[in-house]
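Let me give you the structure first, and then I'll get to my questions.
Order of writing sets the labels: A, B, C and D. Residues in every chain begin at 1.
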């Protein structure tokens, strides 16, 4: 049985959604004893079958001096866990570490880090890049920030879930700043690819060939290859990451930009595209369907 | 001495600038007999030293049934060569092939292809991706479009200059469509990186570390790595590609978009950034300095 | 002494800022008995000198079946009044009318209207257009929405404060929708005027003469005349309406647009300009200084 | 018979379109002897019936020391008249005045003014604001720039066509700068109104009532009243000013902005909307239909 130095006993995991479930499975596979919680209890069953223990209330996945990982939907859900009843912040004191892996606002991480500190526990931000298949394959990239000692303590868990860890020092919001920047850059690329391919298409040129050329040379990287092909082929279902989540992430970037007074006009443009996609009933499509805005503006009919 | 099938004799090369000079040198190194022309004659000297013959007038680098490569500054310069006096279109007839490698508007390629056809010669569009160092190292990516037979004939020359050739069928404008799309995508990425890093910086997070993380994972490709580092370190001189050329290329994208009625709002945004950069006296900087707009809007002082 | 039908006794007025003070003075001058509250108590003195009664707590400006007017800074302040302790919503029950004249989100009005209805009192939205001098001169334009009977009851008060009342039916959020639309249109005009005059200036043409021409013909209306002159002369202090309030109002428009899924790209652009103005330290300037963004992008130095 | 001081004889008028015809009629009605030209000759008949003399070639509407008014479609048509054969610039020398009333680029006016000066004649720019009904009613607003003496000489003609003349000094491009700025401001207002009313509509509020309120108070001026009603009622045919002309005028603003390095992001946004409107087949609608872009982005169906 694997053990974390100074933090013995079962690792808690709250939030077994598309991302959380494979991440928890990898922690379990690495030999850690686990206590898991999910609101939809059926999601816990595969983990229970492999030896995890399911608890009835989120708070029961946390205990003094323990480590609890959270991977939940949004800032509100995370705040409810930390500050609601029973509050993780208190439940984990003294000495417990909350390894917070959801994509939330930097300001949320900073606020929750203070709440943990006040209560005698520790908050580590560790948002991830990667989609569910990458989570399953332990190929996540993980950004961390928070107290050095706590980050060192949870490192074996991070290594169980991801292929690389990038640290951004002690400010608990820093890792989230990088995460929302990255998701903004992806969203900006989706829009730019949409504009480029709508123009290519209306110029009578093969849009699939065009993006294949570009994404095998200058842009030979996962974002342009994966999403470029999806946009060129107009394959937006099933959603790997739903439209509303895309909007949420761009809003996180814009809200953080507003707080620090850094205008982000490309983010504004993309946000408007997401709103339009939702207005047109594309809520169930992958967020890369945001590129359809450029196609429609050019008078091209969307698929379906 | 290397020879092209059906097109014997010296290969012409017009335009020995930052890109043209190393490209011509590679053709020469591949064993082709060459006739070269450049307005600033000193640029031809290194090639002459290696065996190329310099001619006094651009037209003299072309002859019936020959192959002439052009790599000139802009649409106007190329039009003047093809349609002015002595007009390449006629000078190369019958049967000569004009291998046009400059970045020009798709509409320009189509118009010049018709002029060549009317005169009895052939136009092949073959714009390239890559900067001068890539040209020197034969690592250019070359997009081609035009008559199949002519493209096959000049293939040994393309192989002498680049590492990969991507073909886009017979429409002579098609290769240029892909080229301007690609340059637009780069410009869009420059702007997005600028916005992301300005927000990162004002959030108190290390912008160099942030872009290194992103460009070694999701965005592990030349554009984000090279330009991302330049923007994070605010290193914009010496210019690899000057600001005014960046504006020119985005204008090519917008103009083509206007012709085919495909609006490109990100291109519009970036064009405004280029204009502002020029208004602020950044004409001698690399086009990646377009990212300074986002920094300044966030109240950050530009370097220098 | 003036009296409202069915709602006898003193009229309450909460919020005696730049707008509230002259509005309250006009209600008093129309002969209504008044009870006033302001956090900074000195603001109440001129009204007390003319016969108003000052109360110590906001809640004391409200009573069952009475009418209380509020003119406060933002949504949070208004929510605190209605839902905090003592809650206006309950304090005014049964039958009291809350005449809510602040600029708040439509969603806030709807939520507070429900709270009032639940508590047995009534909420009427009545945001106003006009600056402090218009308030003093009874030249406000007032938009109303809410229950018909309550609107009829407070009509004498509206007539005491404004020159025209525009009704938008029963949805308590409707009047706020129109108000935020109007402020958005002003902000959009500020940006457009800035862009036009920056271009005029850099073209070597007299920008004051240009805006005088335009605002005496096609755009012969208060917004273009007043703000057009301010922008042309770059006269941004003292602030009639501070930059941060401009940002707040554009955010209200964007947030409402987001809720109903109506993208507003011009609002997005202007929001980014406001953020930049604040980043550059222009918080104390009038919101029309948002136009300086266009001047700076054109390489023109801002005043001062 | 009315006479111009120092420039006796018939006044020439070239270009009898929707605007030119009523303008020429007013000059004729003011008592001036006239020589008229239009490519579609039938357009000249009503004027001939009232005493004008029709000529076969445009050049015949010009003579040494005479005054010729032009009101043509675009820059290319005007350049052809002045520089083509027979060139007005030479035909009017010595001493003739070309009163150029079309909407053209400032750069075009400056270039043609030089051509006239070189040839011994004079160019006066005098673009107008107003639609055909305003032209018929002599309610045009006219902007002028050029040599003082020539402007004084043609003043009786301007007074015969418009209600007010606004002068912008000697730079022949200055009047055009103001004209394109004004048309840009109108286009920006169309877009902003569209965004505001789409948001209003989706908020469940009466969009006609909303714009009536706003355009009878803050925005009580022709642009918001006329176009506001058209947009709220979605009445875009018949076109008073066609979509393609709207695009042309916004492009004139953008091109002039590019020349003087003054970015105009709102103009860029509106240009993209015009392109999209044309892509969607709205070429025959009034340019105010550019506002449909905002409605569609919000998921609202356009009329028809």
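Following the convention adopted for this analysis, a contact is a pair of C-beta atoms (placed from the backbone, for glycine too) under 8 Å apart; a residue touches a chain by one contact, two chains touch by 3 or more.
What you are looking at is a predicted structure, and each value in this text was computed from that prediction instead of being measured.
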Pair in B-C, A-C or C-D that repeats B-D, with over half of contact pairs matching by residue number: A-C
Between A-B and A-C, the pair with more C-beta contacts: A-B
Farthest chain relative to chain C (centres taken as mean CA coordinates): B
Interchain centroid distance [CA atoms averaged], chain A/chain B, Å: 38
Approximate Å spacing (C-alpha centroids) for the pair chain A, chain D: 54
Junction residues of chain B, two or more chains touched: 202, 257, 261-265, 269, 272, 275-276, 279, 297-299
Contact graph of the chains (line, ring, star, complete, other): complete
Complex contacts: residues of chain D adjacent to chain B: 257-258, 261-265, 268-269, 271-273, 275-276, 278-279
Partner chain B, residues of chain C touching it in the complex: 202, 265, 272, 275-276, 279-281, 293, 296-299
Residue ranges of chain A touching chain B (in the complex, touch as defined): 106, 129, 141, 143, 164, 166, 168-169, 171, 173-174, 177-178, 181-182, 184-186, 188-189, 191-193, 195-206, 209-210, 213-214, 217-224, 253, 256-257, 260-267, 269, 294, 297-299
